[in-house]
Amino acid sequence: MTARVQTAPFDLAAELRDFGAGAGAVVTFTGLVRDDTGQMAALEIEHYPEMTERALSDFGAAAAQRFDLADWRIVHRHGRIEIGDQIMMVATAARHRRAAFDAAGYLMDWLKSRAPFWKREIARDGSATWVQAKAGDEDALSRW
Amino acid sequence: MTARVQTAPFDLAAELRDFGAGAGAVVTFTGLVRDDTGQMAALEIEHYPEMTERALSDFGAAAAQRFDLADWRIVHRHGRIEIGDQIMMVATAARHRRAAFDAAGYLMDWLKSRAPFWKREIARDGSATWVQAKAGDEDALSRW
Amino acid sequence: MALEVLYFAWLRERVGHPRETVTTDAATVRDLVAQLAASTPGHAAAFDDLATLRCAVDQKLTDLDAPLSGAREVAFFPPMTGG
Amino acid sequence: MALEVLYFAWLRERVGHPRETVTTDAATVRDLVAQLAASTPGHAAAFDDLATLRCAVDQKLTDLDAPLSGAREVAFFPPMTGG
């Protein structure tokens, strides 16, 4: 039942050690830096330090109650992240698979458009472009 | 893009090493032996050796096509599995989170009621009870 | 024809063995079930509820109306409980 | 009152700095935006599209009609892109 924001990489296996004891179903989501254009050097993520970790904790707790989770974890990186590297992870543990899947999907939809992070793509030539929010991400949130 | 059936435990971290290179989203599901009654000693899983691995491979390939997966993996154990230990895992990698989530949910719904495994709960007193299929598992499959 | 017939889970327990070779003229899985159910009390018990019976012909899931011509292996089992 | 005002992402770039202390009588976030937008061309550029403007008061997401009485910190930013 923890949320962390950090610049350092994380190790999914270490995060899952002793995660969700007693649960029957564990779902994880890991987001990776993808280079769609072949021109990207890295991703850079800015966040709102005074707000982020508490917002993540509050939302994790809300999801835990809504989906009756045995455990949950959110780890989100900020700063510069290289192509192919992990950006963030969510893990959920519940008695049954549907709750674990739904809770992970819910947390991801929320993180995409409600957690105070802003992504910027850094190109190989040094230019930087802020990632635009997708209309679909708002739609995804309205499912819940 | 592999399916394996084995008695040995698996290591999720090792399974995910080099998994889904180039993808933006990786979802995993891990099923664990849960003791709801406090009387269980272990789970025992029987399967249909001549059929299982090929059925899993065929279905993984179908899911890959349907959800445009960059990668997928299914590992399912059989034989005796202790309380709290991992039974099986599914991992899916796709460009976007929705496809990765949907593919993992689809594979799980299929595995629950179409993959040739049969679970038996072994109680501490040595008695054994075959796990009944849940009507909800058939319903889950009809979503797709 | 000679068919390999396999049983899993509690069907295997009721029949008393995991596989047997059966000589049959059954045209469909359903005909084969009728022949097998009549063979021993264990088989009769194994096949007492066709609603929960599941089957595979040559390692493909199918239903009781599947034809058996050309088949080599038929498996019977209760609803699967994987995952 | 004195408010800490924070800017993130391209709002921060347009304003030219990440935070500032602002003396204001604004009753709502919207009133504060009007005051800030009038202060420099950079601020005007940062606030040129209210439809995509997002804000938090004392580190809680809210909207432009949120009251500012008792508030200590207001943050402005574009739509979030986490995950």
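For reference, chains read A, B, C and D in written order, and residue numbers begin at 1 within each chain.
Here is the rule we use: a contact is a pair of C-beta atoms (placed from the backbone, for glycine too) under 8 Å apart; a residue touches a chain by one contact, two chains touch by 3 or more.
Note that the coordinates shown come from a computational prediction; the quantities given were computed from them, not determined experimentally.
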Practice task
Chains touching chain A and chain C alike, please list them.
Solution key: B
Completion exercise
Averaging C-alpha coordinates per chain, one finds the centres of chain A and chain D separated by a number of Å equal to 26
Practice task
Let me have the rounded angstrom distance from the C-alpha centre of chain B over to the C-alpha centre of chain D, please.
Solution key: 48
Exercise for the section: Using mean C-alpha positions as chain centres, tell me how far chain C is from chain D in Å, no decimals. Expected result: 71
Problem - Junction residues of chain A - those touching two or more other chains - result: 31, 97, 108, 112
Completion exercise
Expected list for chain C, residues touching two or more other chains, is 83
Completion exercise
Inter-chain touches occur between A-B, A-D, B-C
Problem - chain A residues within the chain D interface of the complex - result: 31, 46-48, 50-51, 54-55, 76, 87-88, 108, 111-120, 130-133
Completion exercise
The answer for chain B against chain A in the complex is residues 11-13, 16, 20-34, 84, 95, 97-98, 100-101, 104-105, 108, 112, 140
Problem - Interface residues, chain C side, partner chain B - complex - result: 6, 8-10, 12, 56, 59, 61, 73, 75, 77-83
